[in-house]
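In this document, chain identifiers A, B, C and D correspond to the written order of the chains, with residue numbering beginning at 1 in each.
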């Protein structure tokens, strides 16, 4: 029996199922190459906007005592145009380009910047919990989601993924809207809006006050969302939220995810985490007699 | 300077600011008395329904590797009538009676059962994430919330608290609806819908599949909600979600809560947790020269 | 890294032993569970069926532990029906344990209440004079008699079986035997686990004569960690304060021996 | 319980020392930070202002540590303006440290780049022959000269100051002095921290002569733990792979000495 970590997310083919989540380490092609050598199946870039953004002042990240991180980096990024130039030489790394914007035309403009780049997919970040006008305000509006997805689909043949999160409306409505407009896959979930206050100085720690909670705390919530989406829709899903071990990854596969993303675990365990998880999944597959990831996707729904 | 742990949540006066959250240990008056001796400011009962409920089969609770618990006890309770009889002898313990129902009449009927009981307040559980028809489906419907709160307020002069959580609509709409209908205080937040899957047996662990995530993982989310509510409304708030240390409690005071509730920490640290937190708050108050809880409520909003 | 006892561990059943037509012992490998104290329990998940509290049975082989289960409800029947090679989930151990005295000891067990008694026997000192009472309804429900004798082979000891119908051993309720024994001679420690009425009477018999007596209580449990409150007996939580309680303490508890709570939390009479 | 280095600890500034009109050292008590290795850094939160990476300065008193800060941007000016009795937050230590050779050593520091050099001096062996070069623009920006001499009082050593304008010590760039020294004699280890061009030239001078050389790099940092990517230099992350890099490695890095990234992550020329 040939054992393979390859997976497919609809039309997207990856050699390995563990992706780097958006926002993490994603500003340099040299780093992307290093990550690929370290075992990632694909790199999702920082969310790019039409213009370069500096993001929020520090502190932009906070380590929660009970585990996990709260970040409000504020989508700092060099802008789609600069970024496209930077990754133009890329040949080897499967790159998923993450995009943020407030109107359909933003996404159209940005996708066009990447015409000369090898892009595996675009991921529409519809759910940043700490930046106004381009984050959850977009994802919380299913009509706007439909327009954005439709425009993106009309702009390129490269697969389009929508990244959803827990906002002020039901994320399943966002998922439905994206599917109705032809989305190729769903990434679930983004970070969850949260905050931390320092009791000595009696003030919120992040400069933006609010940030997005990531890491182990949100894993059970993210897993629930993947299970809910896969129970309701026949759409490829990428699980994201607090994954740091191979067991976590397998839980998401069993819930219905065809691939997973992680970010916070890099902060805790550095980039060794990718091959650690790859190896753990392989051992599990051997033990359970699976030859492909696909065989375990969604198994928990059958019980 | 006299140092006091007393706090007031609107008209509700408590000797101590740390309450036992609903669903925890709340079925026996003997236990309530023991908890009061152990330092709780008030006991919130299990959520009572018009009829006795057995709840879900086991497993009803799961300990998350990254911290916290997922439970789907399913609101098992002896029913409001039986419960009212049980607490009738109560003289000493401040008891907050938690109620669940699907229509305003449910709440009216139940409140009337307690006419001969010493009840400090009623807490309307509008946000259980794992029981259909009486949980988030109620809290997610602001019009229904208005009717329920109005009915409850017309049935009794005892203060009424609404407990909100992260559902499929914006919890701040639920808060606004409750305030518009004369609610006396808000408890934020309930557990967050979540799940766990066992990778060996490849099935959801809880018999109900989905449960509510509580404990340390949700603290940063709950703190954010308290801060958001207190920034938008002038309403007494009880903070709830992942509190296990005096620092956590103080964070919630600084965010705008006048009292706090905890439950999961009892599972981790048993009932010593109440006096541990009381003592920690007292030391903090001494160090910061406060004579009352009130002095620190909402301070983080001033920064 | 030490295992967090709240985290579910999956183990595979390696051996199934029929004790009686309705009682089976399921053996599995687990270092933590092989070393629990007498009176401690595990929460046992039968995937797809239920989860229930089980006193942890000893095993002859080191590093192994077991559960001895009698089938009655759906949960225990689910566990009873587990086959060799199947997996269950365990968490714990939870709870306190017996305070084992030295000298003349009386251990009283009924049904699967014998499980903590067998573990307790592994802790007796060679000089202890040990009497074990095994209560059963009839002959075909008697088990662990040989095991008790084996565990006590280096001790002065007696293992006495009583059956309600007299089909084996002495005839009558085991509690009548207890009353007879404690009225005749002083025991330095009396230990009991079994049906609540049996425990109540044993505690009464011993405590009224100022003997040190302990009982390991059983209640419906959901969480096992002091959150759900299902297992409260008066102001005590069996999972956190027990399972083992002193006769002195139990004699002041208004619910022990009289009431239990059903799944909705309503007090019902025994 | 050991402190998780990612958790912010609040400390109170106990003493403020004016080093120059624009450089101050802030002393505080913290066992963890008092024991960091040379090259390691902390993320320092100035409440209400910003958070920035700071190399941890030594203190004369045990159990104490310090930050030496030059005011230029809003963040460093916020730290510079902290008064005695005020609180800051610290997390870390993060990063690797210098590999200290034995024998003839050359330490080169510019401005607050002297901080890890001073800590490195606390690790030299008595037999080491140590030369410290302190580069500054002018006389009133020179600091730590006395401290370096004190730390080396038991060693054969030289502390040489150069100022760009010649107002104190030797006139000229410190990198010219480095070139002169390494061309005259072999050093067993060369260590540099300061402005990137100074580090780049020092690395070039030493590495081209096959001397072991290490530099402690500085980049904008947001997280300090390898998440945000702000501090990448080629494929290296200063926070995780550094701050200390070997000359051998740096000589293959296309960005070192030429480019840095601005807040939006765009490469800009030095």
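Just so it is clear, a residue touches a chain if its C-beta (ideal position, glycine included) is under 8 Å from a C-beta of that chain, and two chains touch if they have at least 3 such contacts.
Heads up on the chains, UniProt names are A, B, C, D = Dihydroorotate dehydrogenase.
Computed from a predicted structure; not experimentally measured.
Asker: After subunit D is dropped from the contact network, which chains belong to the same connected group?
Answerer: one piece
Asker: What's the farthest chain from subunit B if centres are computed as the mean of the Cα atoms?
Answerer: D
Asker: Just the number, please: Cα centre separation of subunit A and subunit C in whole Å.
Answerer: 51
Asker: Would you kindly tell me how far, in whole Å, the mean C-alpha position of subunit B lies from that of subunit A?
Answerer: About 33 Å separates the centre of subunit A from that of subunit B.
Asker: Rounded to the nearest whole Å, what is the centre-to-centre distance of subunit C and subunit D, using the mean of the C-alpha atoms as each centre?
Answerer: Here the centre of subunit D sits 66 Å away from the centre of subunit C.
Asker: Of all the residues in subunit C, which ones touch at least 2 other chains?
Answerer: Touching at least two other chains: 48.
Asker: Which subunit A residues sit where two or more other chains touch them?
Answerer: 65, 203, 303
Asker: Could you draw the chains as nodes, link the ones that touch, and say if you get a line, ring, star, complete or other?
Answerer: line
Asker: Write out all the pairs of touching chains, ordered by chain label.
Answerer: The set of touching chain pairs is A-B, A-D, B-C.
Asker: Applying the document's contact rule, which stretches of subunit D touch subunit A when the two form their complex?
Answerer: 4, 6-8, 10, 43, 45, 47-48, 50-52, 75, 87, 89, 91, 222-223, 225-230, 232, 234-235, 237, 240, 261-266
Asker: Considering the complex alone, what residue numbers of subunit B touch subunit C?
Answerer: Per the stated touch rule, the residues are 23-28, 30-31, 33-34, 46, 52-55, 57-63, 65, 69, 71, 73, 76-79, 82, 198, 200-201, 203, 205, 207, 263-264, 266-267, 270-271.
Asker: Which residues of subunit B touch subunit A in their complex?
Answerer: On the subunit B side, the touching residues are 64-68, 70, 166, 168-170, 172, 192-197, 199, 202-204, 209-210, 213, 215-221, 223-224, 227, 242, 247, 250-251, 254-255, 284, 296, 299-300, 303.
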